[in-house]
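What follows is chain A paired twice: with chain B in the first complex and chain C in the second.
Then we have the complex of A and B:
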């Protein structure tokens, strides 16, 4: 019973899966991504998790795994279908992402990717996603793999200050002006954006990423790639998402990282307080830091997706389910979270401030997702 | 680090053979790890002589556990691990092997213990994806198949060899050879030679059908520990040397 109690989601929804995270991370890079799953399961991705589906062409497929293929382990058919499609479509790479069925049959994604690469001559990736983790985990695997495979040439650093943006998908940024505002803010501060992994940059831009002086990790899904690039090229990284007054702090952190070569996590250092933010860790942390900066009120966050406690302030936590979240909400006066979290506030007498999150509620509240890059004033009015 | 997976028909003597080979190599000063990949969790029992929680028991308990909780040190310092498996009659044993081996790697077992030799002692045949895990990239480099001259053992060996051949483009372990564990059946040598010819492999060791093995088992020990001067102990030592030679380790090393 104790396990059940700790895995309940009686009132709240669930985050987009790790499989969707892989597809979303790779969507704009010119590859071909195959979800290895039963036919029909692709609609979860293209209907709920991919706002670019109707406006931006990308080769995302489902393998249409059948019951007998799963039972009989007929990997040969999958490989043959993929190789045949790849020869026709000529993608820049091939990626196969897992789901619960291949996880249970012990499908070896890396080995299958090796076979596809051997037969097509294209770079091929196998991601052992299984639908039991959030999109952050899948996107992190995809970003790390792309960095590992395509960011290999050690180029000279740019003469002026420059960054790569790591960890950008619509599941965190939606398709509003947020990411563009972040790029403009960097430009205004004299910081060039070399590449963005992976919205608005093609593979040729991403291949030049080693020339950036600093990496800016916009969501937790970009951190593994940042660590790899630091190991490979010595590039320091800064973790945080430009958000109201916290944007200024972030710009200073980027400049300091360039000077000192040291990494920075600008939003750490919170204390438990009256405002709780639930969401993806880097965004929630950055918003908490902005609120503290602009109002002097105590704000802290709970990362409801995969996160690293090394990035925490002392009050911040990873809280994935209702049993963990309820006590935190009970101790707060204001909860800022996706609208689908509102039922958790019932009877608690606290103020709920909606902050729609594409990776949680999909398209339902998309038009209400704000661009908080430059100003969080509209949010502050609701506190 | 030499990593070896041993397959063969159920009951053919894989665990006994692997435990004795592990003991023989440990006796020579090598650091050996033996990982039982069978829900019965009895691969290393002759080496450790005491109960040990399996990796999957620890995972299932839901509490934090360390790498040390997953192993026990047996005869000659052999590092003993049992993958374990689901509740009998439910769950998925093959998927359990994957989860256990992943957990072992995640906890840093190979970096922490730095074994010279790792044996994966795998349940029976390569019946599903889970049981091919020990031969996947990053795990074993060589597979050895144990068989007798009994028809069912030969068929199982041929199936395993076919699976290895089917995986040749995936970067999996290659077939190191056949070990004959005699049952003294009719035309035993001839049938095993025919198997080797059919699958394009060679005989790398021969073990007699000896009562010494059963006597040592009765004592809960390997032959190497219980009857170190016996002819059977010599046969196990010769087999261990042969395995090392095929894996590229010279006698001097």
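Then we have the complex of A and C:
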């Protein structure tokens, strides 16, 4: 039996789910994404996980699954409803993302996608998400699928240094200036952005991604797509998010990757103690690296979302539950994390520095989410 | 960020009431969720029990919305979760997960709740989780805490009681049997407090009765004292089951005094209350006259401007549409995906006398891309109607806004007049969850 106590959260929030991750990743690409669920996932997604919902129309719907349809395995209604909507709305592709009940009923995502594709003539995807993983997992599946299906033509590389940005969703970048700042930083360093998977680029831009010389993986959700593109086109990748002084290191890593063809993970190298950062792995790791570089203090991170051991420094860990996080917090002097983690510091005598994260607290602290691309000074003032 | 410029013709999504079928004018297909969020959910409702703690047991994706609902209403300290993971389905340890999870949480809290609402989900229903065992064990372990079973099971929404109905029923499930006070009556089943100016309170007071409701309760003991009432007034259709359950369990007589915007129907309900209290039904002609005056004055203020109504604003949108149309208002559309049984007569009346009235769905996929502005200044009653027409002149209420009876009509007329003369920040207001629950 698993350690059941690890699954309780007396005090803290929870991350956006893999189902939302799929929807968020595909939001701007002109497709139609269906959460295969009864209800609830849609309002959670469009209220807490999708800051673009009010202003930017995207076809994200719910299948409105009922008990009888689930018990009887009535996939025909789902297919019929999707085909009918697709014929009317004319999306560029169709995606079906799963939730707990389809997982339990053994829903065949691949077969359903094939049938939808056959009936509509549109590219169709089936994502076996189940609402039991974080948005990072779902977005990773979606980005990989988009890369696999739409980035197929081997185009000539750009003459100058160029990148694709992989793994961008508002769940990590919110809708402030962070992503734009990253693009501007690249431009200032003579690096062209060919496409961004997937904020601010449409499918036609993404189809040109093979012309980029390097892929910059901005969050862990972009890593699988980067690996696929490396396999398909030989494009090396660099993992990291521009963040204060770490941004310079990242630019150097991109140039080195272009020269050598080798991948790079610039933020590894932590040692335990002093400052703990909890969050999405690539951002938390990049921020830790920036703090180490700018202050000389020991900073390490706990990835509370899916991550890869190969990207860790010595002290970094994956930890998502209160039971796992408490000991780490107890060993630190400063915790940098989303404000909804603050209750875990109670009685610990450590300094808490809020770092709102859309993927954790949703819209609650959106206006306080900082753009740390150029400078982490506002954060350092609180350490 | 990219923004929408315009949209498709909204009338591609609508249907004239003359062509509509009752009670479901639109087919059940894929659904869209518009960003009007003022209606309450099961988290908000559960928090109406003072000194109670909520524990949700479900998958991460299902937890997300409820966790942040609690956080947005600044109630995270009364809210905890147990996450169901894949291995729990494979290991078959769902009962243990709930029992040990709840135990762990109660051991971690800084306070001892008087009651715990444990919410299970669709998964538990499908795996045949032995909830009887779960609650028996928890009650044995924590004899000084009251536990009740609540449900976040949207997949069951078309299989008997909906999750909303179940929640409103379970909201009163912790009230124990007490000696009855023949002069006490509860109003049950509402998330929002009933307007004390409505006739229910006045009639009761004159007859020597006291009316209370859950929204008056500040402590768990006060909540328990609702068990002293001899009768329960209910006027929300989705809460009728709550009254029936309490009548059966506690012997509290159900007075189902359905909400309505028809003078005759209102008088009939108030007469029923008088009958129960054993007093003569007063003459309501003055109340009718006051309603007529209010409607006339309001009509003068907004003139022939289009009026649109949605189902989240009032419990009986067709009854309201009928009242306004028969008093000269230019009601052009009602936004609703379906209608309750109580709306049948109004539906037929409108179909016959106002066949051009448009019915719009709110969840149909076409509503995602329709044009959300109108050429002329429009008065909306309800957040969804405001969203879909892009108006800043709207009556910002959900679930009747606590209004009832003749006084409810008069108050609504005032809100309509205010809405017409004072613009609101629609975008900001309609995105606040659980209107009136404390979210900001």
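Definition applied: the second predicted complex is superposed on the first by the 380 of 383 C-alpha atoms of A that agree within 3 Å, B and C clash if a C-alpha of one lies under 4 Å from a C-alpha of the other, contacts with A are read in each partner's own complex, and residues count from 1 in each chain.
Just so we're on the same page, contacts are C-beta pairs under 8 Å (C-beta built on N, C-alpha and C of every residue); 3 or more make two chains touch, one makes a residue touch a chain.
On a predicted model such as this, the values are computed, not experimentally measured, just so you know.
Bringing the complexes onto one copy of chain A puts chain B beside chain C with no clash.
The superposition places the C-alpha centres of chain B and chain C at an angle of 90 degrees about the C-alpha centre of chain A, rounded in steps of 10.
In the superposed pair of complexes, A:73 makes contact with chain B only, with no contact to chain C. Legend: residue contacts after superposition of the two complexes on their common chain; A:381 is shown touching neither chain B nor chain C. Judged by the touch definition given at the top, the superposed model places A:343 against chain C, while chain B stays out of reach. After overlaying the two complexes on the shared chain, residue contacts for A:188 are found with neither chain B nor chain C. Looking at the superposition, the partner that touches the larger set of chain A residues, chain B or chain C, turns out to be C.
In the superposition on chain A, A:107 makes contact with chain B only, not with chain C. When the shared chain is aligned, chain B comes close enough to touch A:118, but chain C does not. In the overlay built on the shared chain, the residue A:49 is in contact with chain C alone; chain B does not reach it.
Of the two partner chains, chain C is the only one that A:361 touches; chain B does not reach it.
With chain A fitted onto itself, chain B and chain C come no nearer than 5 Å, counting C-alpha atoms only.
Contacts of chain A with chain B, set against its contacts with chain C after fitting on chain A, overlap at residues 103-104. Only residues 1-4, 7, 28-33, 35, 37, 58-65, 67-68, 71-72, 76-77, 80-89, 91, 93, 96-97, 100-101, 104-105, 108-109, 121-123, 125-127, 152, 154-159, 365-366, 368-369, 427, 431, 433 of chain C touch chain A when the two sit together in their complex. In the complex of the two chains, the chain B residues touching chain A come out as 62, 92, 94-95, 98, 128-130, 132-133, 136-137, 167, 169-172.
Chain A meets chain B in the complex at residues 3, 73, 103-108, 110-112, 114-115, 118. Chain A contributes residues 1-2, 4-5, 7-11, 13-20, 28, 34, 37-44, 46-49, 52-57, 59, 61-68, 70, 81-82, 84-85, 88-89, 99-101, 103-104, 130-134, 175, 200, 340, 343, 361-362, 364 to its touches with chain C in the complex.
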